[in-house]
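Read through the structures below before going on.
Next, two complexes with subunit A in common: one pairs it with subunit B, the other with subunit C.
Showing the complex of A and B:
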């Protein structure tokens, strides 16, 4: 029996441009706002408790998505401000940058949001976020010992993720 | 009467040759199916040992059928009577048909005469599964252990088969070993056959 579709994780990971630990934090939320995973590698300043931090992050992204969709000059149909958008509807914002960090965001059609905070000179991370989503599908969704909607507690996923992020430019 | 005068359209289904079937299966489809099997059994049992036993029983049914099929297809209906013969059959033919590659290694146990081990760097069924700490020594490879037990039992070599994790230096994921412990009668018969 030959198994197809499993020989490499697709899409293949983007070539790492620089060595070293460049990512600061990673959040994974599901469509209900439950924080499935929070990893931090480099965060000198913490101002809020973890629950408040997660709620703030989720609220920020929800509002940003809503705002960018409403301000879209190319789309004709806008709906009312404040109405929650379905995943994939309207335009999707993918990153914002300040002078100290860059936040990259990706939302899957099933409502899984992946947020990666890195140093400000990082390039476009959309391919990397897609790869991380693929890791999530392989090691979390296919794991029978994980029930959807709960925080992720899989060593395999954490270690593969750490290894991949360490190679990001 | 209905059907009288019509030409017989197809031969008896038992006369048709066994087809080889499609040789390729989607890995994702298998992973999801196996995941659902484990989750379904989890809802029916109270403890880990019972869950492992259920997975093993599921594998036993697969093993029994695989033996019949392979004996017909690959070996031309020859029957293995020697211990080493059946072990190498499991190690190469069965593994090749089920997982697409032969098993990594087959070893004889050093402590006991009746123990043999088939090792694999990473079992296909365990590839996407990561066991949380509170489940202890639970191993979804119990399904594969059940398959091996099914093959051996129906070939006339009753044995107790279990799956274990063996940590390896320098490798993050432990190796999996299928431990086969043959019953007394098998060893006695083997000794008689010389």
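Showing the complex of A and C:
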């Protein structure tokens, strides 16, 4: 969120070249909060342990979904704050942007949440997140050796994902 | 960018990779045949088919959601329609009809006139208690359990309840037993409220 257009105080990082990876990191959570996948391509600053980081990320999204639905000026029906909201029902947030990164989010009705953190000048990634969800279906869900609810350990999925993300604008 | 509209069952069916129908029917037949040989008891086979269907259902739901772009259904009625029109069409190539809603909107019947699983099949006298298509009931049960739904006010709870749907699926009519169609009754039995998974411990 830039109030003053101020580039002297907190400058944006340079846009990565096409050769490098455009994304910083990716999280995939299931409906129970289990982090199924965490991929990191470019993350110079790490402040928390992985478990805390995942919990924080999940909690953040949970609260953001609730908050954005409650703040909706067009919706007539408002429930209590803190009650889980349904995506696709009324309003659902899909991204937020700061001066150093953009976070894009997608949740399926089955509770699979995909979060992609990229550089701030990325465009709308909703189609890309849908594509990643399709990749998840093809490489993970259809894999008989994968048990649902467990972290994903599939080299094929990881490499296909890396390749796709590398091609994102 | 406006959200993408959900795709119709026909459109998706045309775009996914399909397998030969006879191969599908015969493979399923071989599975049932083998289960009968291994387990011998017809009741055991029914249970096993249902369990297999459940395991398929919990994965199938993601493929269904990814390919069909449906957003969350507002209530159970919409859910049943989506299963019958889009779901069945996409995976089996046939559509079902939804009938027999009860007063509260928690029980309905899915009627299949045409069922690719049972082509060429005849039940012998030794297997009269067998629900040959029991895998289908398991698939529906598994898939619905993975999707949360908006619990409507008619069931006596507040409209904001987010619940995961536990259903009971039973066979009412079975063509292999002489009826004129396949009819499954889907009953919403339990709503497990969804909660924030992490406890407030820190």
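Heads up, the rule we're going with is that the second predicted complex is superposed on the first by the 145 of 169 C-alpha atoms of A that agree within 3 Å, B and C clash if a C-alpha of one lies under 4 Å from a C-alpha of the other, contacts with A are read in each partner's own complex, and residues count from 1 in each chain.
Operating definition for what follows: contacts are C-beta pairs under 8 Å (C-beta built on N, C-alpha and C of every residue); 3 or more make two chains touch, one makes a residue touch a chain.
No experiment lies behind these values; they were computed from the predicted model shown.
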*asked:* According to the stated criteria, A:54 is in contact with first (subunit B), second (subunit C), both, or neither; which is it?
replied: neither
_Partner chain in contact with A:39 - subunit B first, subunit C second, else both or neither_ = neither
_Greater subunit A contact set [subunit C / subunit B]_ = C
_Looking at A:70 after the superposition, I want to know if it touches subunit B, subunit C, both of them or none. Which is it: first, second, both, neither?_
neither
*Given the touch rule stated above, what does A:156 touch, subunit B (first), subunit C (second), both, or neither?*
first
*asked:* According to the stated criteria, A:166 is in contact with first (subunit B), second (subunit C), both, or neither; which is it?
replied: neither
*So, does A:112 touch the first partner subunit B, the second partner subunit C, both, or neither?*
second
*First (subunit B), second (subunit C), both or neither touched by A:139*: first
*State which residues of subunit A lie in both footprints, the one left by subunit B and the one left by subunit C.*
142
*Hey, which residues of subunit A end up touching subunit C in the complex?*
31-33, 55, 58-59, 62, 77, 79-80, 83-89, 108-112, 124, 126-127, 130, 133-134, 136-137, 141-142, 148
*asked:* Please output the residues of subunit B touching subunit A within their complex, sorted ascending.
replied: 23-28, 30-32, 34-39, 42, 97-100, 124, 127-132, 135, 140, 172-173
*asked:* For the complex, give me every residue of subunit A touching subunit B.
replied: 1-6, 138-139, 142-145, 153-157, 159
*Can you check the complex and tell me which residues of subunit C touch subunit A?*
1, 3-4, 58-59, 61-63, 65-67, 69-74, 146-148, 150, 158-162, 194-198
